[in-house]
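By letter and in written order, the chains are A, B, C, D, E and F; residue numbering begins at 1 in each of them.
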């Protein structure tokens, strides 16, 4: 059985290193909580809506801690083997290939399970021994118990608005994490971000932020067909469309309104709001 | 691990280049919005009914931008691996084969996810990191993070009339796109298209367009068994049947009426409309 | 990557050629509509009950047009790869094998999707680019875009009485076809067919046709457990049993009545009808 | 591509030949109907309850016609490929292996689909072209159209009492067969069979038959939990237990009563009937 | 095609031989019925609750008859191929490997389908031809019809209390067996067994049996959340815990009460009963 | 067939040995019951809430007994083959690889099925013969019956609060175990544990334990959306966050409150409780 390190002189985590410092402004205490959990050896769970900056926070922490960031885009097809690794056929027989979780645990990286609630709850069970005091990964197919590297850190994110239904995390999974609640940035900070990342002046950014906040209020109202309001990410997109020459009203239609849904009543209300705003 | 480019001296995107300019008339602002989104590095989502010209718009943009157009016909069987790539067995062991998404991201092409709402929502999650500021694709099976080529552009299309149900896109997917709403062309323009592409005179084309518009009105009425009205594509087909010698009434029956459904009441009403029209 | 044509000097469509002219009488206009659609480069959809002669029409057209007829018996297991092709392992590694759709598109044949509504709607999505003006097939696993041969023609058939439920075709699939409605032949013509193909005299054939028409009336009545009436194919079978020596009443029981269902009330009524008829 | 006959000098149907004449008494007309359908080139469908003698009829016909009998035990896992054949890996690459349907069609045998309603309806679609005038099998994976041998005959059996629900055969499948209804033999004949096959005297056999007929009456009553009554096969078993030394009452309990179900009320009634009978 | 016996000089049934006589006391007539069915060549079905001694009866019969005992632990994943056998890849290509049913049929053993109702009903269909007068197994993948060895015997067991729902056996499967109803032993005999197998005196064993009988009465009452009462096997365990030093009350809690369920009301009642008993 | 021990000179259980004594305080009688069951050769089932110390008990027993601890993280994907073993392809053909259950049974270890109720009930059926007096594992794919090593012990754990629904264990599985009910430690002991493992003084630990006990009371109330209260494991995490510098209130929010759920009402109540406590 070939050693998984044999023939891989190169840095196995090379493509996962964060090379430039990401732009991230802490809206209040998130970095501190993240660092404490990390120092306590606890996995970290980020809860918050789509596009509010969870991934940026993780990238920023990876940069600060100087650790590679191995990202897994969770989805319903993800199996335990996808996370842990599997045997692959080769000219000389079978060769073991670490999955992202084993890779991060073996060589010391942050393993980031993006949108963890999209994964089937039972596939996640394999990370339980990694996420408690055992800090070990069972590689069943190798009959190996892999003790995690000291720099290994498990981070996961999800959107609690979507995960309330059947896709909820198991209690036995949730309870292995320290959880940090994330929200859209407060208006002043969000205006700064839109202006800086989208390349428009603060006045226009502020009007766009105001429009986005109205869509979020609509999304929270239980009786509308709108699942969620416009995110910070969408605001940056709208600003960029303006920077590329579209008038603000059309930019907001394409970047803030049309992507939100297909229900004709909701779209009508949103279009009117965009037209009144610009 | 073999380099995916080794032994492929030939242009890996050769068969995806658009060699002739497609016939496309912009009904108003779609090209401008597409170009702005493209310049802002944003993915583009085209929303509109079957056969209204979404694919033509993409082909036309690929031609204008001079970029290859890698098309994926989305369906429920499509897995994340189909999009990203997989290991294949070979005389010398295993060789990596890029999927269409990785191919377009690596070498710089438009990746067009046709009828994106047909794909299982969770398979699409793999393109999330490509569709935000990271512009990178996680090749999990290679433990590689592929940074997208500057010419890479992600485009998707779907029909919101069909996608309102269980197959709706996730909010976290939708919100990564700038969206452009597409409609059937206005009557004058549609008559031009039918006459030019179908090879019949404008008078006949106009009567056919009028008949198609009546079926669309029927399709919108909530209490009929008609899912959707006749499209521009069907109108061109009807005109071509006339050009090949069928009388207009029979051409409309075969190309505009019979393909619309099997409900005997609806078919009866549509047949009567066709008979009155010609 | 081996060229799919290498090492296949023989005619790859040999076994699909129609060698003898099939017996087919056009009940009115079907051949003309088929030829117009074919000349216009449009796919053809035949709608009609089981055993009314749809397959015969296609065989007859293949003979008239002198094109091979590649038949696909659609079923729920049929995947997009079954239609398009796949890589197969070989002494020298992997070799590509065209599926029937790619075979017909590459070398120029009629591809006949028999009982298309039995296929899962999403597997059929792969033929969409072949069925519109692109006339091209995406061989995703080869990263190849295959332009269809000029002689390629796509034909499909289904029974609208069965396909009204969950197995309905997608609008985006239907609207890519010109559709021809098929029915059982009128009594005179059906008597001719039964007499000629079944080898019985016209008088007996006429009484059998009359009995079959009564079962069809029963099948249409919404409140019976009879799904469908006796078809032309079943009539020919009944006549052949007479030719082989069974008395007409027993021939009709075995060929026209018992195959129609298991509901004891319905079977009782049908048996009585058969006994009264002979 | 290796010829499927290469390297198989031996008779490929050897183990399927019927070497001894089976004991079968025609209860009336079944053999005649079977022979007529066979002469007319029609597939044969046997409808009747479990254990009434359908398989014996087929074995008897295979013996009379001198043709091998290739049996397929239908089940929900059966795929179209299981019936038709598939490519298998070998020292020299891939080799084609005919499935039972292809084997019977290629070399001329009866292919017997036992309990056809247990198969998924869509897997059976592959035999449609074999079961109409085309008499050909589409070997999709070989791109081959296999014309059936003159001695090929398709026979299927099922129990209409079980198949009335979701597992019903498609109309398009049923209508390709001539159907023969089978029943338990009349009392006199059944007594003969039980006495002869079970090795007990006619008097005891007659009392057992009388008991079995009472369970059948119970099975037909709609409001009992008894699915079906005791079959001829079970009667023969009960007689054999007597022959091996069990008293008739206990033989009937083990062979006629306990196998019929688990509902305590029904079992109580049946046990009482057995005790009263002996 | 390699002969399945080639290269297997050793006894293929070696590990399945029963080497020591199992302890089994016939509660009344079960051995006699088993022997008669075996002599009549009939499969045997044992019906009874978990832990009442069905497996012991089979082991005892295998010992008496001097035949190997090939056990299959039925479960929902079990496929027809798992029972029959399959082709496996080898240095020299593919090699056939008999499944347990084929192994027992080929070389002459008892094949014991433990908890047959756990298997999917349709996977069991493959054993039908083995379980009637044909006594042959269809090895579809080898195109072989395997005639059973004279010593082959098919035995199955299940618990009718669990199998009453969706997992019921098909009538066509049940009716191929002679069935023997099994119950917990009568109190005197059960006390003997617990005393002997558990290593405690008869007085204590009798009090434990009395407690178990009370839980069984509770399990039969339709309105409790208790699925089933304590079995003979659990009684032996409780006695063994006492033998290992636990006080009887705690032994009964761990071995007779806690394993029975999780419903707090039921557990409360059972704990009280255990405390009153000791 | 290669011997599974060939070429594995090294200790096959090496990575599963427990090298340091785990910290575990017996809350009362659990160790005694575990040892008695072990001496009686009975499998052990630990029932109790998430994070109450079940895994610690097993680790502690493995240390005391000096046996390796092979852990299986049960999940819905786990198949019988994953537990038992499978054939793998190799340069020389196929090689057998023991699964964790076979490994532990062959060489003598504790096999720990963590969260057994997450496994599909039918996959667990394979361990039945290991868990009764037979103490043998059926390696179906090898046609081998593996007698368990004298040191083999089967241990399983689950949370009865979650397993009450569809994922309940089969009675035939449960009844093969001696079961030990586990609870959160009593307050004094839990305070000791939190103080010692979390590194905070007893006074603070006691206030945290008090807060956790309030959340548990809330979890038991049937009408709240809170599935379960805060566990001992979460308390240790909260203490560690304080040790790393977070104020107690924020530590409790991130470690005791946010991980418990997403329902805004419940979270509000829990946040208030945390704020009142500190």
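Operating definition for what follows: contacts are C-beta pairs under 8 Å (C-beta built on N, C-alpha and C of every residue); 3 or more make two chains touch, one makes a residue touch a chain.
The model shown is predicted, which means the values in this text are computed figures rather than measured ones.
Using the contact threshold fixed earlier, the set of chains in contact with both subunit C and subunit F is empty.
Listed by label, the chains that touch subunit B and also subunit E number zero.
Each chain gets a centre from the mean of its Cα atoms; the one farthest from the centre of subunit C is F.
If you average the Cα atoms of subunit E and of subunit F, the two centres end up 29 Å apart. Note: centroid distance subunit C to subunit E, computed from Cα atoms, is 50 Å.
Residue positions of subunit C with contacts to 2 or more other chains are 89, 92.
Contact residues of subunit C toward subunit B in the complex are 29, 32-33, 35-37, 39-42, 45, 47, 79-80, 87, 89, 92-94, 120, 122-123, 125-126, 128-129, 132, 134, 138, 140-141, 143-145, 160, 163-164, 168, 170-172, 174-181. Across the interface of their complex, subunit A is touched by residues 12, 15-16, 50-51, 55, 70-77, 82, 88-92, 97-100, 103, 114-115, 118, 159, 162, 227-228, 230-231, 233-234, 237, 240-241, 243-246, 250-251, 254-255, 258-263 of subunit F.
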